[in-house]
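Look for subunit A in each of the two complexes below; its partner is subunit B in the first and subunit C in the second.
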Partner chain A sequence: MTNRRVVIDPITRIEGHLRIEVEVDENNVVQKAYSSSTLWRGIELILKGRDPRDAGLMAQRICGVCTYSHYKAGVEAVENALGIEAPYNAKLVRSLLNASLYMHDHVVQFYHLHGLDWVDVVSALSADPEAASKLAFKYSDLPIATGTDELKAVQQRVKSFVDKGQLGPFANAYWGNGTYKFSPEQNLIALSHYLKALEVQRVAAQMFAIFGAKQPHPQSLVVGGVTCVRDILSPTRLSSWREKYKIVKDFIDRAYQADIVMAAEAYGTEESVLGGVGVKNFLAGDAFMLNRSENLFQSGYIKNGDLSQVFDIDDTKIKEDVTHAWYKGADTLQPYDGVTEPDYTGFVDGDTVNGQAKIIDESKKYSWVKAPRYDNEAMEVGPLACLLVNYARGNKKVQSEVGAFLKRTGLPVGALFTTLGRTAARMLQTKLISDNAITIFDSLVENIKTDDSTYTKFEIDSSKEYMGRFIGEVPRGTLSHWVRIKNGLIENYQAVVPTTWNAGPMDAKGTVGPYEASLVGLKLEDPTKPLEVLRVIHSFDPCMACSVHVIDMKGVELSEFKVNPMSSGAAC
Partner chain B sequence: MKILVLGIGNLLFGDEGIGVHFINYIGKKYDFEGEHRLDIVDGGTLAQRLIPIIVEYDHLIIIDTINAPGVKAGEVYFFDFDAVPDVVDWQGSAHEVEMLQTLTMMDLVGDRPHTMIMGVVPTVIEATEFSLSQGVENAVPLMEKTLLAYLKTLDIDAVQKTQVDIQTILPNSFRAFDAYSI
Partner chain C sequence: MNSFDALYAKAKDRVRSLSELPSVKEESVEQMLEARGIERRDFMKWAAGITAMLALPSQFTPLFAEAAKLADRVPLVWLHMAECTGCSESLIRSDAPTIDSLIFDYISLDYHETLMAAAGWQAEENLEHALKKYAGRYILLVEGGVPTAMNGQYLTLGPQGRTGLTVVTEAAKGAAAIFSIGTCSSFGGIQAAAPNPTGAKGVDKVISQPVINVPGCPPSAANIVGTLMHYLLFGTLPALDRYHRPKWAYGNRIHDLCERRGHFDAGEFVESFGDEGAKDGWCLYKQGCKGPYTFNNCSTERFNQHVNWPIGAGHGCMGCSEPDFWDTMGPLEQPIKSHLVMGLNATVDKVGAALLTATVVGIGAHAVASIFMSKKEKEENKS
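And then the complex of A and B:
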């Protein structure tokens, strides 16, 4: 019997544009997997010929989630090119903004983008709220949003939503799938946290906005420093940050951490989440200046899952291959010389488990994402990579946090190299960041007592050529921006984003990237409801750069709402 | 009452950016007078991250691109979000439905303000330049008229302060000059 093909498009719960196709054998075990980004990203072309001081502001428009990450990367790549060092205050503010972003981003990722792969909402509606309320104490000494009355109210609220026919976010998952492992009571605890997280994420956004100057697009970073001088010198602003920080940290400690411990218990023997790491090379950038002498995370990479050896990153070994990507060019290029010339070849007709459809032709080009390689090897990036690299480096904070989690859950170190481990790593990274964000804050408060500089002056010599890059850690993994400046303008610009590392297609040698490798060997309960695939891919936190946001009315006739140019008297 | 006019879209993608360009155009061209407070904000493509801003308002007017059966490029639609049936498809599609999903998430918490949506049908959605197709640019006067007429029903008068050509807005929208100061 030949393999059958399963197409999932799009795979992301909210941020779209990712398509996954898998071939399953007669036992529904995945034999091959293909990852395709279906949206073209043209930021590189738009940036050419522009003022390098605007690179960050334009780059932040790549995405609706990674705004700050690209903003900061664009600013710091240009600083690197021009040889500018931002003042200590500026670096701390950027670090603090980054911490605020992570605390927001990872909470939203787990609850709103990934949570329903683990939590069966329908099951939660049948839970006993009193039993669930007691059970919550097993996972946290101080559980949050799990009082009996609160849990009853959660059931009521969700039920009335469902009864109105407005399934909303709950319409997408595969309720009742046998690989859902939480008990009804555990599902109810997590569902209550899902709703609580909707409230907490607002506080997190406000926390970020304090030093981001303007909302919703941060404006406070400039090449050379930051502009939020008055904010960092204002005791009111500082204490406001601290109040909001406490609320978000509280949720991370008492809900997010507890739910992952609960998941480790419930899913510790569920086969479909105990694989999912096919590429065992991990790459991480550095991040989070805590003070003048210490960063929370260091950069580096490990190979073949070997935690006994860690290597330093050499920029020149980062290259991108476009053999199977919809771009012209045969050479594997370093990003400084990267070319972004589209060569779209589309999909072909084929058979799938849901009948005839357009499918990927894997022998040709099949994705808008390039395939980045480090020293010709595929690398996984993201929170798991960050923790593994730092664990291998002997980073005490990371070793202690990871060690405590493994001890508490009774899992071996090997359990980190799984889908469950990847999801747990994101929580552990969030916990490390939220525990240490206050150190960044204190460093800033201490330093502004004697030093209020936030900006380093610079000049761009239009007769000179410059090149520079930013490489660092952002919520979805290692991000790099690469810029060449000539005649005072951007000559070439490339962004190698985390999801590119993870979601990229095969390279010229046929080496597959982390997504494609992670799915091979995965057994599906029902290929027409491939929840297991979603869970593995969502554990990477996919975010295909570039959002397009046409409001799509999905078959609803709008003719009655059409504005008639004649009757309204508009002259056009 | 506090009213928010929220421009949505990705200005790296031609017509996709019309929501943002349009609110920048309106903000430059008019002062608004009346008893209510009116704010104009560039929401970009931030979706969920706009919730903390949106909840501070009693009335929300979203300006975005739109797609539906039978629509033609350059047409303008204006409607109450509550007047259309459950259109939010969480499976997504080739185009995203993020803004609508965000509104539903607000319903889950129960604090979404009254929401009007003005959508214009785009033609060009690809990354090239900060530009608009002729069809969408031609729709701007109708969008403008529709918005001002609606604001009038809320007792808000638009007073023109200067003449603005939308072409002069396009290359500068990325600076978010009508951003919301927190």
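And then the complex of A and C:
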């Protein structure tokens, strides 16, 4: 029997436009998988010829979910090019904003984007609220939003919709699928947290806006520093940040952490979440200045899941391949060669388990995302990569947090290399960041006692040529921005973004990237309703708008960096 | 008698006709409020907030409360085109009402890719179902510009690989009202900035139906929800400006209601980010603030439940709710050379606080901005 094709388009509950296709055998086990981004916008191309000071604000519009990531990257890439060092206060504010972003972004990702892959909303209706309320103490000493009265209210609220067959955003989903492993009571606890998280994320965004002006799409960074000098010098604003921070941290400690522990217990033997790591190379950038001497996370990469060795990143080894991406060019693009122009070939007619559709022809091009490679190898990036690299580096904070989680759940280190592990890693990273954000805050408060500088003046000499870059960790993994400035204007701009590393198509050698590799071997209960695929893909936290970029790079020299300047498809 | 009487009568009629529509949820709102522990007092407070935001007199408050209770009569379909999801993120920051109550209690969110549980074929079914079942009744909200180059193929959606252009055109046919949420769907946005590689356009440029534009990058949650609530109460298009933006939100210049306006009039400017003027909250005009050219309610509504806004955080406005602002307002941290307000850099900071002069500055700023706007309008009429 030949393989049958499953098309999932749109993949919902993500940022942007993503199509996943898999081929299943007669036992509904995935044999092959294809990842396709279906939108191209061309933002780097638009950046060319602009004032370098505008790079951050424009690049930020790459993505409104990891909002700020591209803003900061754009600003710092230009600073790097111009040789500007922002004052210590500015660096701390940026670090604090980054922490505020993660505390928002990861909570929303788990509860509102990924959560419904783990939580069966309909099952929660048959829960006993009193038993659920007691059960919550198993996963947290101090549970939140799980009182019997609250759980009862949540249940009634959802029941009224289910009874009337009017499920709104919950309609026509995968409720009842056999791979949902929470008991009705566990589902009810998580559902209550889903609703609570809607409130908490609003507070997290306010916390961000205190120094960021607004969220999404903040507006308080400039090349040279930050503009929110009045906010950081105001005791009211500072204490307001701390109060909101406490609310969000409280939720992370008492709900997010507890729910992942609960998931580790319930899903610990569920096959469909115990695979999902096909590419075992992991790459991470550094992030979170805590004070003058310490960053929370360090950069590096590991190979073949080997935690005993960690390597430093060598920028010259990053290349991109467009064999299966909708761009013109040779199969394996060498840096600085060729032309990056859209070459859209679209889909072909084909049979799927749900009927006739447009499908990918995998022998040709099939995605707007390119395939980045490090030293010719595919790499996974994201919270899991960040933790693994730092674990391997001997980062004490990371080792202790990861160790405590493994001990508590009774899982071996190997359990990290799974879909479940990837989802748990995002929580652990959030926990590490929220625990350490107060250190950043304290460093800021300490420093403004004697230093109120927030901005470094600079001049752009239009007779000079500048080149610079930013590399660091953002919510979805390692991000880099590369800029070249000539005649006082942006001559060339590129972003190599996290989701590109993860979501890219096959390369010329047929090597697949993390998304495509993660799905092989996955068994689907009902291929026409492929919940298991959604769960694996969501565990990566796709951000497609980030991942798709391209620039017209013909003849551009970025030789100091030797990153493939053709770059385009990376995502946050 | 006052001039709002006609409007009031219209709203009353609207509430009556809404109440005659079949409910999507067939549920008593009183029960819902009770179940959620929302007291009538709080509900009325919320309605009063919306009334004030829409610049209507307080006698409309009870009508808003009534309309909100009938909101389940109006299903919503939210489409994503070429976008960054920032507008959806902004929507979920809403607290007036909060998004959870929006989703669960007030409205019937039948299609929204970022929030919906279903994916793939099931998602597609939900869309088809909503467009068919609620034909003529649903509100269509669009986030993102519409790529039109290469026959729209820079964006495809769904198992049949339909272009964004096709999807939005079809969804528009049965819509009772169409809102472009954000600058991208209103005017094309970042992807439409020069050289606009994908031929991205605002929704009103690709369909023939009337569209209400709610621009901003992203628009505040208040402006998104306010537009919805206005439609609920009046059922017709609000008063719109020349860019089809609701006047209640986009009727005033940022500059006119800016908290730093006094410093502009007094000639007190931030000369460099982080300087003493910056610490004292002086005017950001010389740092490229586009408040004098930008129409929006950020000065009064701010963002994230009034926590802050760009000028509050010491960065100038970048004009994000104006058409083509990426191309016309840049460099963003520099005054627009061709439209210097009062030829300002040389003189205004010297005039000090002399009252008479300051007044002239104010008038002058208005005059220059009006010339600027009418020029743009002329250009638009030509094209």
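Here, the second predicted complex is superposed on the first by the 523 of 572 C-alpha atoms of A that agree within 3 Å, B and C clash if a C-alpha of one lies under 4 Å from a C-alpha of the other, contacts with A are read in each partner's own complex, and residues count from 1 in each chain.
Definition applied: a residue touches a chain if its C-beta (ideal position, glycine included) is under 8 Å from a C-beta of that chain, and two chains touch if they have at least 3 such contacts.
Model, not experiment: these values are computed from the prediction.
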*asked:* By the touch definition at the top of the document, which applies to A:Gly224: first (subunit B), second (subunit C), both, or neither?
replied: second
*asked:* As a test of reading the superposition: which chain, subunit B or subunit C, is in touch with more residues of subunit A?
replied: C
*For A:Phe211, is the partner it touches subunit B (first), subunit C (second), both, or none of the two (neither)?*
second
_Touching partner for A:Ile46 - first (subunit B), second (subunit C), both, neither_ = both
*Thinking of the overlay built on chain A, is A:Gln156 touched by subunit B (first), by subunit C (second), by both, or by neither?*
second
*Looking at the overlay, what does A:Thr352 touch: subunit B (first), subunit C (second), both, or neither?*
second
*Just subunit B (first), just subunit C (second), both, or neither: which does A:Lys464 touch?*
neither
*Is A:Arg292 touching the first partner subunit B, the second partner subunit C, both, or neither of them?*
neither
*Please indicate which partner A:Thr67 is in contact with in the superposed arrangement: first for subunit B, second for subunit C, both, or neither.*
both
*With the two structures laid over each other on chain A, which partner does A:Lys529 touch: subunit B (first), subunit C (second), both, or neither?*
second
*subunit B and subunit C contact sites that coincide on subunit A, given as residue numbers*: 10, 12-17, 38, 40-43, 45-46, 54, 57-58, 61-65, 67, 108, 112, 157, 161, 166, 168-169, 171-172, 195, 198-199, 201-202, 205-206, 209-210, 214-217, 219
*Which of the residues in subunit A come into contact with subunit C in the complex?*
7-17, 38-43, 45-46, 50-51, 53-54, 57-58, 61-65, 67, 87, 108, 112-113, 116, 121, 153, 156-157, 160-161, 164, 166, 168-174, 195, 198-199, 201-202, 205-206, 208-220, 222, 224-225, 227-231, 233, 342, 344, 346-347, 352, 354, 357-358, 452-455, 457, 528-530, 534, 545
*Show which residues of subunit A lie in contact with subunit B when the two form their complex.*
10, 12-17, 38, 40-43, 45-46, 54, 57-58, 61-65, 67, 104, 108, 112, 157, 161, 165-169, 171-172, 195, 198-199, 201-203, 205-206, 209-210, 214-217, 219, 546-559, 561-563, 565, 568-572
_Using the touch definition from the top, list the residues of subunit B that touch subunit A in their complex._
8-13, 16, 41-53, 55, 64-71, 75-79, 83-101, 104-105, 107-110, 117, 119, 122, 125-130, 138-139, 141-142, 145-146, 149, 174-176, 179-182
*Give every residue of subunit C touching subunit A within the complex, in rising order.*
24-27, 32, 35-37, 80, 82-90, 92-93, 95, 98-100, 103-104, 108-110, 112-123, 125-126, 129, 147, 150, 153-161, 164, 189-191, 193-198, 200, 217-218, 220, 272-275, 278-279, 281, 302-305, 307-310, 312-315, 318, 326, 330-334
